[in-house]
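Letters are used for the chains, namely A, B, C, D, E and F, taken in the order the chains are written, and counting of residues starts over at 1 for each.
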């Protein structure tokens, strides 16, 4: 089998944005993503995760480099100013490149 | 006057959190308890509603709705004196809406004192949850739009109206309170009886666990008090004191009993820390959530529990001469 | 006829999920409630079993086992008419096995109606859980092996037999039901009495929370109905209706009371949505789980709750002349 | 003699875990149950304390504290015979401290036998939690310092003293036990009465769920037994047997009733598996946690439940001639 | 101290496969891995995580490049056809290379 | 927008160390991190996560390469000998480089 290079976008943000982000992914025809519950600290203070509106999610999403970058920029513009948000890109190698 | 044990659990949580104990309740427990409390309150209200002719409550219900729209409009200009528009609007929404747990502690207090009150107060609780949120969002957006020179502020700065209404109307607390009301009304006392062992008998004991958790949560908010101390304390104590009189006034206007007037005072004085923060975060993301939640949860919630509720009862007794 | 409040909670969950409310119960609560329900049912059965001579139940137990093996064999050819082998086999396993919550709602229904039924039905529930799963796996694998020309299909396509049997026999529901049975039988009424406040008194109220969650889960399955609508509805309504008569037939054959016949009808008509999906996923991964779970949980479960149980009771009353 | 059903739940969990069933309780349930048990025990103790003049209990309390400091000092030299210093110190701390659940099962056992015991045993439980942890840490650090030639061992190898004391004093179990004590004492029987439905009536049933989980956890520890079998079994059975006599001796010295002497025997024989592992991990990270937890939880806990408690009761009866 | 390059294999799949995968790791003498609960969406639909049989796990596993690639291929062949499954490889730098 | 290269340090260790590590981060003026609950297996045996003192956390922390490496080394020296601990570094690209 062969491995193909793709880009992974990881988004850490407030849990309340999940529905919005999923809508955005679907509008961009992103075909898959993975979500885990997270907490953390950043410029917007601590997110303990012990109280309703106060926890983070971490979303991982593999796509081609151009889509991932464009998506990160849109998210930054739309939510970066007022929401707790950190994003990063990394290189990954996948099997079945046609899935992403 | 002896302190209610449910309040002691709150103080235990507060002390443990303040001393940085490693005591932590699982968040699943918190979620479960709040589902339980909302359902139980709703069901209890539904059972009582079933007993009364709807038409008789209607005028009271309209007055309560009016109060819900009015309170944020009253507070907003006061807050604008010191705060940016978005924060003033957000805080107005928090204090216009209500706290279910404060309501429950109020019920426990009056029950302990042997004071009766009108059963429709549960309905009032449900009716008061939403109007202030709507007013708060409108105030914030009007401001934001003006500030942005009619720019694309709305689109960027938060959810559209349709989505927002959906979120508020179908938020967890509305759904469970209304659902409980409906179930209580439909099933009636006979249908609910087999459920009493949970929803009735365990209500107060479960409230103790919830308040333990709330103590821990409030202790976590003490940090912001150190920074914004004076101002927040001013808001967090001043607003409920003032608003309790609005509630008491409306209660007298409706001709409620002293217990009922007290409960309306408690509702008006209480500030939402579940529905409002969630709605405001999405509707007015520019507002600083630490400010509104710090005041509502960090100051007003404990103030009402420890000092406010008995005080409003005294106010109400004095006013009604009851 | 008034609707049972436990069913109202299901409808509340369904409505909230359908309207895309943000109401969500923590998955730890769901797990906890299902542990509780399984243990409570098992204990209740064990208490009753302790009262009866084992030899007297043995013939009935064997008949129930026979029914468990028979049902999937009856359904499979019907389903093959439209479905690939693996899916037909998987659905046959789901409908041959049973739903513990449907059983519990059936118990609540008969209790409310004041209809008594044989206590060994709990044992029947336990006995019916497994046989259909075994038949389903055999049917699927025979098919897969034939299709693959005796290839290595089995190895690649799922767990080996030893592992599989282990999984089914030691699955959560079997362990808790059987464990509860054993505890109830060993401890006897006196030993269990101090536990009644939880396992007996809170059984029905806890069922309401569970059904609220089930409503939310079923609402999440409505998507697949839109796609596979007609066919799934056909299966999901047709199979329980038909199978209820198989159960009723066996019940009459065993000489059960009208209540007992009803319960056997309910068991036969119910479809597993916990043990079967887990077992089939590992045993027959080629089968589409959305199909079997969509039918069993999305259609049959609500159908039985809302329509089926009272209907099977009428059937049973008519047949037994009770 | 019939086995208590709470112990049957432990055996069910043990069997399920041993057979590698997929039964798993959510960790949030475990956390919730332990919060509940600790609070309930504390409250019960507080209610009883409120009834008694403090000065009367003081001498007993001091003796109990003495016992708490003494036990680890007694065990340590024995363990040093075969173990490195850090492990000997850590095990000494585990066995010097106490197990709240073993205490609760002891209470259930005596209650079932109709044997009464002094209410201050709850206070003893609280007092015994900590001293052994302090002694254990001192022993371990003295050893580590000597070994490292007064090197920087302490700094690298674990928390400083201040932090450590904070951790032990404000650990979850201390906070909840003491908090419960305070609430019970402050609120008194009248204040607590509305909470009885939860904290009193559901105590034993909830204990069953907790023991089910403990059975699963203990089953997970069987692996280490296979490796360190003989030695661990020796410690895990020998220590509680020996220590029960220390407890019984102190109980007789204090002039307790046969029931009270039994409970002091149970406390002395029980080993901490919550507070001690957490404290020792941070204070003495060089110690192997599998060893101490394997003995305390894998052997001593089930031994006390199944064999020890009735045995210590017999010892106590024989000694007191009661 | 020195950092050494190793390969990290990340596997996102149905929770029900955990035992099988762990057995496979042990058969391959893999010496460690990390598991977090996850949910997500992909070709096999949404995995909400709110109902028993319906949630994902994400496994991270550091090994040498050859082992990681071989493992990914085996998993792909054994489970790729019928289970929700996405895998990716990435480069990481570790201390204590002898652990992996 | 532009992406900037930074280093991500991932730490998998016993949950009991969380407070200590956060103190260390703050002493080093690290400006943000993300924590998720984890379980796993390694040289210190299995961490099931079903019993109090027995579960892991995974911390992700983006910083400049030098800080991340120095942090990893300190953590290794301070906790590596006696605690379950695995750390790895990877390259990521971020927006808003000034945040890290």
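The definition used in the following text is that a residue touches a chain if its C-beta (ideal position, glycine included) is under 8 Å from a C-beta of that chain, and two chains touch if they have at least 3 such contacts.
No experiment lies behind these values; they were computed from the predicted model shown.
Student: Provide the labels of all chains in contact with chain A and in contact with chain C.
Tutor: Chains in contact with chain A as well as chain C: B, E.
Student: Could you classify the chain B-chain D contact as same or different, where same means more than half of all interface residue numbers appear on both copies?
Tutor: At the contact between chain B and chain D, which are copies of one sequence, the residues are largely different (under half shared).
Student: Taking each chain's centre as its mean C-alpha position, how far apart are chain C and chain D in Å?
Tutor: Comparing mean C-alpha positions, chain D is 42 Å from chain C.
Student: What whole-number Å value describes the gap between the mean CA coordinates of chain A and chain E?
Tutor: 19
Student: What are the residues of chain D that contact at least two other chains?
Tutor: In chain D, residues 24-28, 31 touch at least two other chains, as defined above.
Student: Considering chain A alone, which of its residues make contact with at least two other chains?
Tutor: 36-37, 90-91
Student: Which pairs of chains touch each other?
Tutor: Touching chain pairs, listed by label, come out as A-B, A-E, A-F, B-C, B-D, C-D, C-E, D-F, E-F.
Student: Provide the residue numbers of chain E that touch chain C in the complex, in ascending order.
Tutor: Residues in contact with chain C: 14, 16, 20, 45, 48-53, 55, 78-79, 81-83.
Student: Spell out the residues on chain C that touch chain E in their complex, using ranges where they run on.
Tutor: Answer in residue numbers: 24-25, 27, 30-31, 156-157, 159, 216-217, 220, 274, 277-278, 281-282, 285-286, 289-290, 293.
Student: Report the residues of chain D in contact with chain C in the complex, numbered from low to high.
Tutor: That would be residues 2-5, 8-9, 12, 15-16, 19-29, 201-202, 204-206, 208-209, 212 of chain D.
Student: State the interface residues of chain C toward chain D in the complex, per the touch definition above.
Tutor: The contact residues of chain C facing chain D are 26-28, 31-32, 35-36, 39, 166-167, 170-172, 175-176, 179, 182-183, 186-187, 191-192, 194-199, 278.
Student: List the residues on chain A that touch chain F in their complex, please.
Tutor: 10, 12, 36-43, 56, 58, 69, 72-73, 76, 80, 86-91
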